[in-house]
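I have a structure here, written as structure tokens, and I will follow up with some questions on it.
Chain lettering (A, B, C, D and E) follows the sequence in which the chains are written, and residue indices restart at 1 in each chain.
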Amino acid sequence: TTTQQATGDVGILYTKGTGPMPTLLATKQIDGYIAWQPFVEVAPVAGIGRVITYSGNLPPDDRWKNHPCCVLTSRTDFMNSNPAFVDAMGAATILATRYINDHQSEAADITAEWLAGKGNFTYGNITVSSVEILERSFPTVKFVNEPSEQWMGGQLEFVYALRELGTITGTLKNTTDDQTKALLFDTGPYDRAMAMINASSIAVPPAEANPVGVGYLLSDHHASLFVAVKKWQYFNDTYGIALKPEDPTATRPDLVDLLVKGQKVATLKLIPADAGPQLMQLAATKTIQMAYVGNPPAISAIDQGTPLKILMALNNEGSGVVVVTSSPATDWDSFVQWAKERSAAGKPIVMAAPGKGSIQDVMLRYALEESGLSVKEVQA
Amino acid sequence: MKLAIRDLSKVFVTGTGEQVPALDGINLTVDDEEFLCILGPSGCGKTTLLRIIAGLDTPTTGSIQVDGEALSGPSRRIAMIFQEYSLFPWRTVLDNVSFGLEVQGRDREERFAVARKYLDLVGLASFERNLPYELSGGMRQRVAVARALATEPAALLMDEPFGALDAQTRNLMQTELQEIWRKTRKTILFVTHSVDEAVFLADRIVVLTERPGRIREIVPVQKCPHPRDRTCADFVEIRRHVLDLISGGSSD
Amino acid sequence: MKLAIRDLSKVFVTGTGEQVPALDGINLTVDDEEFLCILGPSGCGKTTLLRIIAGLDTPTTGSIQVDGEALSGPSRRIAMIFQEYSLFPWRTVLDNVSFGLEVQGRDREERFAVARKYLDLVGLASFERNLPYELSGGMRQRVAVARALATEPAALLMDEPFGALDAQTRNLMQTELQEIWRKTRKTILFVTHSVDEAVFLADRIVVLTERPGRIREIVPVQKCPHPRDRTCADFVEIRRHVLDLISGGSSD
Amino acid sequence: MRRPLGILLPILILIVWEIAARFINNQFILPRLETVLPVLLSPTIDILGTGSLLHNAMVSLERVGAGFLVALAIAIPLGVGMGWSRRLDALADTTIQLLRPIPPLAWGPLAIAWFSVGINSMIFIIFLGAFFPILLNTIDGVRAIKKTWVEVAQTLGASERQVLAKVVLPGAAPTIWTGLRVGFGIAWMCVIAAEWLPGTTSGLGYLTLYAYNFGQMHYIIAGMITIGIIGIAFDLLFRSVEDRWFCWRGLER
Amino acid sequence: MRRPLGILLPILILIVWEIAARFINNQFILPRLETVLPVLLSPTIDILGTGSLLHNAMVSLERVGAGFLVALAIAIPLGVGMGWSRRLDALADTTIQLLRPIPPLAWGPLAIAWFSVGINSMIFIIFLGAFFPILLNTIDGVRAIKKTWVEVAQTLGASERQVLAKVVLPGAAPTIWTGLRVGFGIAWMCVIAAEWLPGTTSGLGYLTLYAYNFGQMHYIIAGMITIGIIGIAFDLLFRSVEDRWFCWRGLER
């Protein structure tokens, strides 16, 4: 990487998930944040911040266009003993992603229900529907599944970035790109799922005796899971594969049945978490077998020796940078300008990121350094 | 019940390993249906003696025969009434009195019937639903007596049962105890600090020495007929004699 | 100090609004340097009377004059000694005795000197560094006396100060109090339940009726010279008279 | 006089709150009263898809109930044993003293590893919160049993089991009950922490945390008030039972 | 006999732990003893870049100390006031009863909004944990002051201020001290929760959470043991002071 001589400082505050970000911004403790959707849209809607850029447009130019984001992962021991199940999950995910791309506004609606019961958010005098927020955020997320060569290349960028950050210390520390890919990916399930979809026949996996734990985050990024569950009837009727909620009235079901050709194959325990590292911890302790998760936590977990593989993409892009309303910044360049002025004035701006080594952290650091700003972690 | 105490002594070992001789060479025979009072200076081992007879402590040497058989542990045939109030405060008066029968496994009907009989005897029939804290000190000790009697033991051990009562109540209780004894004919061992009380109640008075307790003298009181008049000449004379024994026994 | 109590009465109002008359129409003059004992049945208002004089309670009607001036609140000139142990348990004996001087703002040296003088007087000079719990009951009451004396009040109010002591210690304390009184010549109001104690100590004995307390009689004892012999004829006669007053006053 | 005065301050606080909220005009710092009250007044309306206030309160109560019952079922017998037998006490005391100061919350990671995500690890954490107060009070209560009561029972022919069941347990009951009251209070505090563990999808703790994600402070405060009210309600319940059942306490003699 | 028996069980637990760890063979569920012990035995070695065990323990202690001191400085005067004056008690009691059952942790979101990320919001949460036990014990202690002590002081000429300073405070000191001990214990529990707040980068609570994110169970357990040991150490310290200063307690009469 070719970092210029730094001409200013920016502080980064890690908030362990997105939870405190709106509060911190509204109380002027931070000058902005980078988050995943829909928490990017929360700021403008609440009137506390302005979106200056979405993650695909972060500098350097085109570097992050279509950057990989969340991925579907599985424990390898589980894959080995239940290959047909993992393939079926892959198929369900791919079908749901297709549905999202064909019915974006319905998908936003479903996600609004999953994340907020389609309720309203109240910010002082402003009240907005969660549906509205999701409809704003959906176009900024690109829902794709294919683990293409280009996509894998994008993933490698994160490995490099994490190496630079010093958080990769295990099996991926000194690997070549090919070795890294071999350690990270297993595209078998994707290929087999596509084959089944193309053949219009999903194979019925043997029944699972125990519930299968599946982790996810409360983000639009994992909308394919929400859509698969909420539209289970449609998928069941159309493709013969469905994730049927055991309680159809639940807004955020936690027990769903995998049905293939009308047969119940397994019970899934859906486990939400605040941030990726938590999910990877659950995977490490075999509490969950599969996870919808951001790629850096998955890379870190594999690096730390968790027997895990990345199976396919879930989405590209889908994060954004927000600054406080009082900021003069309206786009990345004016933001950099502002940050440099503040640094020169001895009051460097503070940006929040959901976690050290998270996808958002990696991109923001990269972009800042690219723009001639050096990053310091804020010590509380 | 007849009690025969032979060469009984008791040495306590304190936490620091010190040896405290409490009783020494006690030889005493208590006849069936006898009312025996035990007098002695504080700390001379009166309570210890009763506790050993009740089976709550073991003697260091010596033995106790109950109707010819060796004593072994607490027995239903010997009931003890303690100086401090010892009622179960969470049980009603009736449930307190029927406790002994309850642990014997007698059924409700039967044990309440027996308990009521003895509550009647101590004049507290109308208080059976009350909790102990609602009673006065004297009433509580009467409940304790009823509880002890309800299992129909052959002997009653009473450790300064009236010590905490005021003078008037105490006199009343003494008269009532006499009455109860007359009706039920138990063997009674009665510890007291009051010479007056001992002379009023006892057939014989055992006077102990200072610690370690030994028997100084056994004073017979039978010649004074019941109910005793505290002003009659015999009474006053025996009282004087016992008082002399006690003050002569102290070292000052 | 001369105390003049005029038409004093006290009615307590309980939490439930009930009125409890505790004292009624008390007229009493206490001379300077007089030792006055107050006797009366339990609950007749003895403690209440002392508390009013100490300024800890206010009378319902009537007035108290101290050396001609109306009493108003607690005063350093009148010290009170309570029945229950009242030492500050976290202070050494010396610090307890010097408490009154400390709150007056006297400096360390001075207050310790005065405190030591009075500790000497009550014979506890060697215990000044001890904490109260290390002392026996009698010693504690002597410390309380020293503490009361240390501020050099003109009058001492003592509410059954020896009630919790055993007989032997009690006799000793009575003799010592006499001695202290002889040396310091305070006006003393002394409440007791013991006729014997009253006759032994007092110049005059005020006998109260049952609640609400009224003055039944004031018995002079001066004719019996100090130190008094409990077996002398005058003593026995006064004692008999006071006993008669008391039992005559009860309703049974 | 007591009652009106007692209500004065809360009312004053509410007024100050509302004025301050209008003045600060930042709902993240202090949401207006009129955004919080409707939430409390319609406790059956769904909040952000996590269910209603009432529903989440019931869920939390169920969890506390389960953890509390497990704690009670283990702590009381163990406490009676340790209070009664010097041996058992000597054996277990050190271990208990070592485990006690570890905050229930710190067990979170192990709880998830051992009991897996979900109700069981929450029960474990709640259990840890309630266990020690119940245990220590039971031990205390049993130790403080009047020896005379035990000896009376013995002379009346009670076996050791009967002494334990009919004298020791009822005699120690008031102290044990205090332990239960304190233990329940701590359990109630722990449920909030437990519901912050990953994988939770309901409960008052989860509700507040979830609302936090979207900066919905009025839900957080409504949640806190609900937590507070339920906490008091149970405390009062425990106390009223205490007053009724253990009126003899302190009047033993 | 007591000592050896007491140590027997922890040793047994360690042995069972090691055997179980070997048997389970999954460091996420139960790390081996030999991975935990070295962490504890070299408390000055850096852990995952967050600083050493010792350093983090000191940081946590500082925070607890600050929160505890604030709690003490407010709770003791307020408690003396409420114990002494019926008026003040009537005024404040209801409010305190309402606030008390809200877990300190639940204040997290508001703490961050009010005191901003960092030491101040941690102090606030720790303060909340320590405040109520100290306050309630101070009130109790002052109320339980023997009336006679106060009256003696009055008859000896003490002013109200002198009575408060020289009789009420020292007389209530043992009970207040118990409140301090309990309050410190709870504050210590709260620091762990407080260090889970965003923006924290040190402390034992942060250390365990950070280790958790990397699945480093042996650090978590070492952290928990350190938390436990410090907890006991302070409890013992408080108790030993109690034994020394308040030896007169229970022997008042």
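To be clear about the criterion, a residue touches a chain if its C-beta (ideal position, glycine included) is under 8 Å from a C-beta of that chain, and two chains touch if they have at least 3 such contacts.
Treat the numbers as computed from the prediction; the structure is a model and nothing was measured.
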{"item": "Number of steps on the shortest touching-chain route linking subunit C and subunit D", "value": "2"}
Clusters that remain linked by touching, subunit E excluded: A, B, D | C
{"item": "Remotest chain, subunit E as reference, centres from CA atoms", "value": "B"}
{"item": "Among all chain pairs, the one with the most C-beta contacts", "value": "D-E"}
{"item": "Centroid distance [mean C-alpha coordinates] between subunit E and subunit C, Å", "value": "48"}
{"item": "Subunit A and subunit C: spacing of chain centres that average the CA atoms, whole Å", "value": "85"}
{"item": "For subunit B paired with subunit C, centre-to-centre distance based on mean C-alpha positions, whole Å", "value": "40"}
{"item": "Overlap residues in subunit C, where contacts from two or more other chains coincide", "value": "none"}
{"item": "Multi-chain contact residues (two or more partners), subunit D", "value": "28-29, 109, 113, 212, 217"}
{"item": "Set of subunit A residues in contact with two or more other chains", "value": "19-20, 23, 26-27, 278, 281, 285"}
{"item": "Chain-to-chain touches, reported pairwise for every pair that qualifies", "value": "A-D, A-E, B-D, C-E, D-E"}
{"item": "Contacting residues of subunit E [partner subunit D, same complex]", "value": "1-2, 5-10, 13, 28-30, 87, 90-95, 97-107, 109-110, 113-114, 185, 188-190, 192-193, 196, 205, 208, 212, 217, 220-221, 223-224, 227-232, 235"}
{"item": "List of subunit E residues in touch with subunit A within their complex", "value": "26, 28-29, 49, 109, 112-113, 116-119, 196, 198-202, 209, 212-215"}
{"item": "Subunit B to subunit D touching residues, read off their complex", "value": "54-56, 74-76, 78-80, 82, 84-86, 88-91, 99-100, 102-104, 131-133, 140, 147-148, 151"}
{"item": "Subunit E residues touching subunit C - in the complex, by the definition given at the top", "value": "146, 148-149, 151-159, 162, 166-167, 170-171, 173, 246-249, 251-253"}
{"item": "Subunit A residues touching subunit D - in the complex, by the definition given at the top", "value": "17-20, 22-23, 26-27, 39, 42, 46, 48, 113-119, 121-124, 130, 213, 215, 218, 251-252, 254, 269, 271-274, 278-279, 281-282, 285, 287-288"}
